[in-house]
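In the two complexes below, subunit A is the common chain; its partner is subunit B in one and subunit C in the other.
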Partner chain A sequence: MSERSAWKALAPWLAVFVLLLLAPRFLPRFQIYLTGLILTTGLLAVSLNLVLGLGGMYQFHHAVFYGIGAYTVALVITKTALSPWIGFLLAPVVSALFSLAIGLICVRLSKLYFGMLQISLGSLVWAVVFRWYSFTGGDDGIHGIPVPDIISSTDGAYYFSLILTAICLIVMQRIVNSPFGRSFQAVRDNPVRSEAVGINVKRVQLTGMVISGAFAGIAGSMFVVIEGSVFPELMFWTLSLEIIIMCLLGGWFTFLGPMLGAAIIVLLRTVVGIYTEYWTLVLGIVLMLLILFLPQGVLGYFLEIFKRGGMKAVQERK
Partner chain B sequence: MLLVENLQKSFDGFIAVSDARLEVEKGEVVAVIGPNGAGKTTLFNLITGQLRADSGRLLFKGENISGMPPYGICRKGISRSFQVVNIFARLTVFENVRVSVISHNKRTFNLFSRAESIAVSETEEILKSLGFSEKSDRISGSLSHGDQKVLEMAIALGNRPELLILDEPTAGMSPEETRDTLELMKLLSRERGITILFCEHDMELVFSISNRIMVMQHGRTIIQGKPDVVRNDTHVQEAYLGGADERF
Partner chain C sequence: MDFASNITISALFQQTLVGLSRTTILFIVASGLSLILGVLRIPNVAHGSLYMIGAFIMYSVNLFFGGGQAGFWMAVLLSPLAVALISLVVERGLFQYLYEREHLMLLLFTFSITLVFGDLVKMVWGSDYRCVDLPAAFQGFYTILGFPFPRYNFFLIITGPVVAFGLWFLTNMTRIGKIARAAAVDREMVGAVGINVSLVFAAVFVIGCFLAGLGGALVAPTQNIRQGMDHAIIIEAFLIVIMGGLGNIWGALLGALIFGLTDSIGILVWPQFAIVFPYVVVVIVLLFCPKGLLKSTW
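Let's turn to the complex of A and B:
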């Protein structure tokens, strides 16, 4: 890609970033909070898609690593005398370590068996958190977590999540386009052939899981800043299912599709949730329509139209 | 270079390979022939680690490689192509080959450099040597069967193998494609000094390129020898070619 076309591709994203940067000046507080939540959930979904879409692994219990990141921050702040920032640094590390432990056991199995075993191991972590009242607060969770002043206001929390999301997305994009990303894709498409060209498939998959878990942990730490609390539902398997739906909804063969999927689900839940508690009914209908009409996901669909339009333009010029 | 002794493999009581013996010297082109179901593909899968042998010895350059995982064997210098097309169907031709070049250069776990600028010249060179340069941006799944078979070889070459194992490289190819593949194999053997072990049903091709031929039947090695010796062996003629008067 030439330098000029690289800038051209980058420009819209820069514009979106600047717009989001200025958002607190013209949006009311609730919407800023909501945008922060979308970014957090979106980062979580993109991190899942790293293993699900790029690596083709059935990561059925991704929320565990999100929850662990959130709890790490919460516990460092409320149970230790350490600086809260250490909690934020530890969140991805601890999530990555759990990812490694669970991955070491699961990665031996393939496809559905991998996913099923992951659900069981993840649920084990959830059960411990759910029951260990003296340490994790049990099913009550931990509330009113005092995050550092600079990020405790609505705007502060928003900027924290915006900047962190931007950095994480850039790093993840980089990983997707790295030799590792290409090899991970190759493993997804054809593990047998990958082994035959000298790729240690299990190790690639494990590395992918650890990376993805670390980013989920970062998303978890952002959640603490935005909500000021943690609770076991953060690592319950239904949330994992919801993240998978976000990926499918947005388009799991695109990098930012899951982010869009997350936005749709968070907005649906909030907006439809005002009128009825049965918002999942609407979600169900949306999902059915999507599977029937846009199997490649919302972003996948628009990218295809965009590509087709671009090709037509090229042909017309000829 | 490669030594196979008394190799045995069974699946649920069915003995696919009962006693395979094979010797491949450096620089040779060795063919394995035999009727369908003789155990040729199983033998190759055993050598490259896709399957694990029940018993027997597998030595590559004097080192025991039996029980090693496929990626480990590949790193020792053995690459292979598959009989049934086995490529990365959703990636472009270029990416297909680049994956194995990246693996060979030990950069699989490189997380932050740009893949776009890595292994470009090596990949281009391999594609060029196979006459594949114009097709490098095509999604490999959309290629014709013959082209996919050639891509099979290209991927295997990405690992810069010392020993290249080809499982029916011309299966399903047109006569022209078969001729091109034959020329390519000659080129790889002569100019790059790659040792080639392959199995094939096209007898004309087998006898025109091989230094030595190994004949398998019912999972057993009947004979391994120079083409002339094999051609005139009565066991082979009876067992494999269905009678002494049949010509090939």
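Let's turn to the complex of A and C:
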């Protein structure tokens, strides 16, 4: 790609970033909070898509790593005398370690068996957190976590999540396009052939899980900043399925599709939640229609239309 | 810590019996799930919702007949049938178009059904806790070897093997069971010899969901009927099915036995972390037998 076309590709994203950077100037507080939540959930969904879409692995319990990241920050702040910033540094590390441990156990299985073993291990973590009242606060969780002053206001939390999301997305984009990302994709498309050309399939999958877990941990730490609390629902399996749904909704063969899916879900919950308490009914119906008629996701659908349009143009020129 | 401080012979005996009655419920629900997984290859998350609906219908029917003996038996009879009817509508209306989809899509599809059912239950029954009173015949205790034991739990422990035998009979001795087992192995071949596979699948799906409803109806008198019981049971049922071997009825029984007993004995050993024990056992089992304890049909 020449330098000019690289800039051309980058320009819209820069514009979006600048727009988001300026958002607190003209949006009310609640919408800023909501945007921060979308970014957090979106980062979580994109991190899941790294293993689900790129790696084709049935990561059924991604929320565990999100919850672990959040709990790491919360526990460092409330239970230790360490600087809160150490908590933010530790969140991805601890999540990555859990990812490694769970990955080491699961990775020798494939597809549904991989997913189910991961769900059982994740539920184990959830059950411990749910019951360990003296350490994790049990089913109540931990509330009113005092984050550092600079990021404790709505705007501060928003900027924190925006900048962190931007950095993470750039790094993840780099990973996707790196030799590692390519081999991960090769493993997804044809594990047998990848093995034959000398890719260590299990190691690639494990590395993918650890990277993805680390980013989920970062998303978890952002959640603590935005909400100021943690609770065991953060690592309950229904949330994991919800994240998978976000990936599906946005389209898992695109990099930013899951971000769009997360935005749709968070907005749907908020907007429908204003009119009725039965928002999951609406979500469920939307999802059923989506799976029946639009299995490649919203972004995937539009990309396909664009591509088809593009192809038509090419054919006409010929 | 009160670690293992309250283990006595009497408590152990009692908890084993409690665990066995829990096993019955788990087995009934898990065997239905296993049947659907084994034959239709659908990881049916909505199974938990049907269990919850079964429990709520049990409550309503029991109330309608004014409780007591008549109410209880009518409810136990009618609520699984009602659940089966719901599942028939869902299968003919939606699932039959989706059999060829990937597992992940099916999982998400059934999850979205869970979301819809969850809210529908909230609309119909509200979000309060509900309770079903046992008829007089089931109240009170039997004395076994000098230990008191609730009559209803005794009834549950007897029901478990009856259902297991019924399922065994259905899958091994009847025509539809044999066709279903053949379809589980090779559905195209079964279709090729002139059998309407779609109808067989519908029947298996309905039978599996009937079991979910039965489990819900039977569990109703022993606990609060509430929102969220669908999420709790389905994860347990899935783990039992995986632990026992996908699609294997006896595997579901074995898995339910392990799950139910570790849960109830765990309460004696370390009450605070009792819910952790079954998960630990599942993880250990899957570490050594990743495809489950018994032969899976996959």
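One rule holds for everything that comes next: the second predicted complex is superposed on the first by the 308 of 318 C-alpha atoms of A that agree within 3 Å, B and C clash if a C-alpha of one lies under 4 Å from a C-alpha of the other, contacts with A are read in each partner's own complex, and residues count from 1 in each chain.
FYI, a contact is a pair of C-beta atoms (placed from the backbone, for glycine too) under 8 Å apart; a residue touches a chain by one contact, two chains touch by 3 or more.
Here the structure is a predicted model, which is why all the values come from computation and not from measurement.
**Student:** Could you check whether subunit B and subunit C clash or fit when both are placed on subunit A?
**Tutor:** fit
**Student:** Based on the superposed arrangement, let me know which partner A:Ala9 touches: subunit B (first), subunit C (second), both, or neither?
**Tutor:** neither
**Student:** Examine A:Leu82 and indicate which partner it touches, taking first as subunit B and second as subunit C; both and neither are also allowed.
**Tutor:** neither
**Student:** Answer with first, second, both or neither: which of subunit B and subunit C does A:Ala127 touch in the superposed model?
**Tutor:** A:Ala127 contacts subunit C only, not subunit B.
**Student:** Identify the partner contact of A:Ile285: answer first if only subunit B is touched, second if only subunit C is, both if each is, neither if none is.
**Tutor:** The second partner, subunit C, only.
**Student:** Give one of first, second, both or neither to describe whether A:Ile245 is in contact with subunit B, with subunit C, with both, or with none.
**Tutor:** In the superposed model, A:Ile245 contacts subunit C only, not subunit B.
**Student:** Subunit A residues in contact: does subunit B have more, or subunit C?
**Tutor:** Higher number of touched subunit A residues: C.
**Student:** Pick one for A:Lys111: touches subunit B only (first), subunit C only (second), both, or neither.
**Tutor:** second
**Student:** Could you look at A:Trp237 and tell me whether it touches subunit B, subunit C, both or neither (first, second, both, neither)?
**Tutor:** Second partner only, subunit C.
**Student:** Aligned on chain A, what is the least Cα gap between subunit B and subunit C? Give it in whole Å.
**Tutor:** For subunit B and subunit C in the superposition, the minimum C-alpha gap reads 15 Å.
**Student:** Mind listing the subunit A positions that touch subunit C in their complex?
**Tutor:** Going by the criterion above, the answer is residues 58, 105, 108-109, 111-113, 116-117, 119-121, 123-124, 127-128, 130-133, 236-238, 241, 244-245, 248, 277-278, 280-281, 283-285, 287-288, 291-292, 295.
**Student:** What residues on subunit C touch subunit A, complex-wise?
**Tutor:** Touch residues, subunit C against subunit A: 43, 45, 94, 97-98, 101, 103-105, 107-109, 111-116, 118-120, 122-123, 231, 235, 238-239, 242, 272-273, 275-276, 279-280, 282-283, 286-287, 290-291.
**Student:** Considering only the defined contacts, which subunit A positions touch subunit B in the complex?
**Tutor:** Touching subunit B from subunit A are residues 1, 174-175, 177-183, 185-186, 189-190, 192-201, 203-204, 207, 211.
**Student:** Considering only the defined contacts, which subunit B positions touch subunit A in the complex?
**Tutor:** 48-50, 69-71, 74-75, 79-80, 82, 86-91, 95, 98-100, 102-104, 107-116, 118-119, 155-156, 158-159
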